[in-house]
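Same chain, two partners: subunit A is paired with subunit B first, then with subunit C.
Up next is the complex of A and B:
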């Protein structure tokens, strides 16, 4: 899981044998040989090492090739054949991911399959695939809730499907954060869906940001050394901006920011050496234009965290220039 | 559960010599028997009852009923020996092994029944007879001497455990408050203020450093430390110094926690956690509290369960049986349904043997028994030993629905109750709820409540039960008989039994008539195990290495 190498177990075959297998498989790729014999060889290599992207590309060609072949069938038999094809492809990636949950190419292949399915198959079937995909993501996140592939995949699946994130998605993230709040991916996911969810409802967005400030407060008080909540906190203090809109929700409202500064002060009386609290305090003081105090905070940080001395010097310099 | 072959085993003990005879198969006695046998001592382990575990046994409801019925009948379980004392004296003189002793004294031994004032409500159906009830349910802290002992003796290989799911605190208004047991619990808690969260987390993390084995268990998200968290060595040293300062502090626990700015709610949490470790909040020294909390933190880290406490899956009696099995593997001899009727002493009052209920003569050099055993010292002074004024009221309940919600697995709760008496005394009530699958159709909830206040314990137990069941109108009844009537109307009640379990005054007379005594029913093995190790050290002249 976290802090553990993604490739825990070595391939079953010894490496020399594996290399010869991989070479053989790559050779078949070049020749565009889609016979079942060639396919099983490629699958075998992929299961051992799902990072071989050329082999996944071979699979993509194979899928497109197959679809072209069955295009002219009767609708009923086309559906059956296509379903069989996609099921076996999904299963292959699942096996590969089971072995190496952090293989980029395998995740990409699933995205390709979903896109292709959406393009070629009737909606009834591809909706089923999407639904199943979200279920698998949830299950994967149960096993390792910090696997960012799972989170990113969830987002992408939604994008391909053409759906906006829903309240349920927000609820899903909330549950994950309740399960473990030291989860950068979950906080990040939250920061991506919130602006989209409340795109045209500024008032509601304002309320949601306030609620989240409360939530993040619980996290930073429980564990002030944990970075992930502080990053989300900073995002909220910046006014929860999104990629699409540069307008932030808190830009004119300094009342909330002042309240948050008081809360930070409260935490700093308990934990005077908390680096993240000091850094956030610096950020707020800078917004308020209180440059003298902001500089004092930076000096404290330089003493507390000598490894990042240069960074704090840079911040000081930057502040002086702007003021 | 009961090993029939052990009962029927008619070992020829006539010329038997044993290094140690252990009387009673309670938890402490079983631990000693297992430790001594693995040390190479020859051990004879006797119990007058037909099952293992004594007052720590796990009985099916049908057996529990007959057990309590026997408590009614005989306050003192004296059984008449087959031979009169003079016949025995003759028999001993004729015995070649005893011929070297010129002067022999026979000291009668009584076994006291521990339960008294038993009251029962029984509306149990036939199928319920298979439900298992612990006489003294044990909650084991997942890290510490008890677990080490179970691992070292290999008794753990016969045992299965389930984790305690939730720990609750029953507040004055009858509301159950969950005690947060991990960083996520603290984060999620709706009741704690952010400042309280910080204080409590800091307290747990600093205590945790005290336990050196903490860092051998990887951090995980359900624990105190987060996954992959590495404690900075300089920070660690600072925390170590802090802990040392705490341990040297001479304040009482409550004042100490005041100094750490603990609020009442946080104190209740510490109270509940210490209670589960078998320590009393009022009398616990700061150093002990720090040690227990650190063991607790380590246990949470070690087992990926929601709290750091373990409960034997098949009841606490299973632990006794597992230990006895280890003892038997090392050559220990077991006899159930066998009482000790006399101790045989030489002229210097040293124990040289004993006589069992069916007249067997056994030679030995050490006898270990629990304090429920009573020895008549000389012929002239047949003084009944005054039982201590200590004891514990116990309430056993079987319900078809949980009292503590959501009622999955094993839950604990503690409660401080003010009983309406002349002094308005407050008593501590401890409770355990265990979800139990009786058969494929039926699930029952076995609830154990106990209180060590002799005078008010019974009312306190019934009051707390009433609070649990009807949090709103808990001011209704005051007298215990009213409450007992009320209990009968509780929905889902299948079986209820309340009784007083007496602590007999411990007498430790090393090297004398009795070689040693074990105090019985200190309720928690956690607090008793030091004494067991001490006895072991004394008998073997060797320190037990964990």
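Up next is the complex of A and C:
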């Protein structure tokens, strides 16, 4: 089990009881028994183990079954019944996720609920669910800002609503980066949002990239040994590959790259053994065709970071072949 | 050679056999829904240890078939709903025992093909969750059954490429953060479809190489702790990219060996944690990839002993 030294395991008779409870619950699912008694049995097991995916599937069938039942109600009573149904389903998954924030099937059940709500309910109700969903994601990311389920869920929710990443989303990410420069997840999402946001606005994109270089500068001077901002820095310098539609710094201005090299030198005066500054410096020197100095940097890296000696040897060899 | 020894082969074998027969513990309760994947991890580990013949083959095979549904897909256990990941585990177990001929493979391949969407991605089951893990599961399953022709491979590859990120890694859906587990699945899918040329392999290899930490272990994402499961996911990805020498394998071996339980057998996620079959498999698979002489060699994409893949 991940990170488990010795967990407080229930006594064996309890385990045996839960195992037979789970068996009973699965049997209930097979019978398509949607009585309140059956539901509470299933929910009991789900609370103990939210990874029991077949029991979530049972809940999906239950939701569809209920919707069919209330479909012919008067609009007002339909709405009331539907809200009651969805509220209790959302609450069940929420309880599971607060205790097990990485339970794939519980996250997925919420996606199912959102899609189903959007299909069957009036917009003012499902819009409320979407809004609440983003709030819950934010709360879970407050507890663990690297929870990739939480981040992916935000994207999935946006997709179901048919929304493109917005300035608010960029703002959300920016706040997370300022809260913690080591939040690689937030840097990642920045790299995703920027190219979409400024897709047809080259000038604005150019400005955004320059602002980001400032942001990166703050991050690398604060946490020089932390790889998060360095990977992002490299992306800004490299320009995006063909699968991301964007404008690279290289396309814009060689002067910027020279300025960045000066910034790296400044950092290296303070932190001469900073691997990441050296690696980025190597990258820029190579672009400028300064192969002798680039090779010296690689030799330093081989000593400083022996784990990746093979990678540095590869870079040396490749440079020799191309120069 | 010395860097691997001594690997307490018998102890690990005992641990795995005991775990395989455990149906009463709390751990069993928590993992019963994916017992078929547990069987795959256990049986592959035992095979790597040259001990598959100690298992009750016929009983296991008939239990596996009892997990199959009318649709052709397998569930994670008896009475569990069918899904792609369990179907892959079932097929891998049958391959280990060389008993694929008993499988109604037409049914299985039509189940898998039915889960492909028009954008090339795969759903994990009929309920519609999409994830690049499922693309790998589908492609690997069909590769084992030699029936890749039943899906749109070109579209599946396009979907995988759409999960590629700024750092050369891959996420679970387009735009999701890179994660070594997903990188393994996407690299595996590209490898099995001869499509690795589509990506910047140097960039991906660099991101993977940066997963190695000072203690020799590998992590799954930047600024995370090392964990033995990445000794498989990161390492096999590097192997498929032909870049195993970009990290320090001796230090990694040391880390994996430190995660062994030398009293009761098995391997844990981290030194001094409690071992489980999942991490025992990933630890042994990593050691096998690095050439441990006491273990059979494993294939980085098929995740089965090399001798099974002919």
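In this text, the second predicted complex is superposed on the first by the 286 of 323 C-alpha atoms of A that agree within 3 Å, B and C clash if a C-alpha of one lies under 4 Å from a C-alpha of the other, contacts with A are read in each partner's own complex, and residues count from 1 in each chain.
The rule is short, and it goes like this: a contact is a pair of C-beta atoms (placed from the backbone, for glycine too) under 8 Å apart; a residue touches a chain by one contact, two chains touch by 3 or more.
All of these numbers come straight from a predicted model, not from anything done at the bench.
Participant: Is it subunit B or subunit C that touches the larger share of residues in subunit A?
Facilitator: Answer, by number of touched residues of subunit A: C.
Participant: In the superposed arrangement, which partner chain does A:309 touch: subunit B (first), subunit C (second), both, or neither?
Facilitator: So A:309 only meets subunit C here.
Participant: In the overlaid three-chain picture, which partner chain does A:182 touch, first (subunit B) or second (subunit C), both, or neither?
Facilitator: After superposition on chain A, A:182 lies in contact with both partners, subunit B and subunit C.
Participant: Per the contact definition in the header, classify A:226: touching subunit B only (first), subunit C only (second), both, or neither.
Facilitator: So A:226 meets both subunit B and subunit C here.
Participant: For A:271 in the superposed arrangement: first (subunit B), second (subunit C), both or neither?
Facilitator: A:271 sits against subunit B, while subunit C stays out of touch.
Participant: So, does A:217 touch the first partner subunit B, the second partner subunit C, both, or neither?
Facilitator: Once the two structures are laid over each other on A, A:217 reaches subunit B alone.
Participant: Which subunit A residues are contacted by subunit C in one complex and by subunit B in the other?
Facilitator: Residues 1-3, 146, 182, 226, which sit in both footprints.
Participant: For a test of understanding, state which residues of subunit B touch subunit A in their complex under the given definition.
Facilitator: Touch list, subunit B to subunit A: 183-184, 186-188, 194-195, 197-199, 201-202, 221, 226-228.
Participant: Across the complex, what residues on subunit A touch subunit C?
Facilitator: Checking each residue of subunit A against subunit C gives 1-7, 9-10, 12, 14-16, 18-19, 22-23, 26-27, 29-30, 48-49, 51-54, 57, 60, 104, 108, 111-112, 115, 146, 148, 151-152, 155-156, 182, 184-185, 188-189, 191-192, 226-228, 231-232, 235, 240-241, 243-244, 306-311, 314.
Participant: State the interface residues of subunit A toward subunit B in the complex, per the touch definition above.
Facilitator: Within the complex, subunit A touches subunit B at residues 1-3, 145-146, 178-182, 217-219, 221-224, 226, 263, 266-267, 270-271.
Participant: In the complex, go through subunit C and note every residue touching subunit A.
Facilitator: Residue positions touching the partner: 23-30, 32-34, 75-76, 79-81, 83, 125, 127-129, 161-162, 164-167, 171-173, 175-179, 200, 203, 205-207, 209-210, 212, 214, 216, 221-224, 227, 243, 245-248, 251, 269-270, 272-274, 276.
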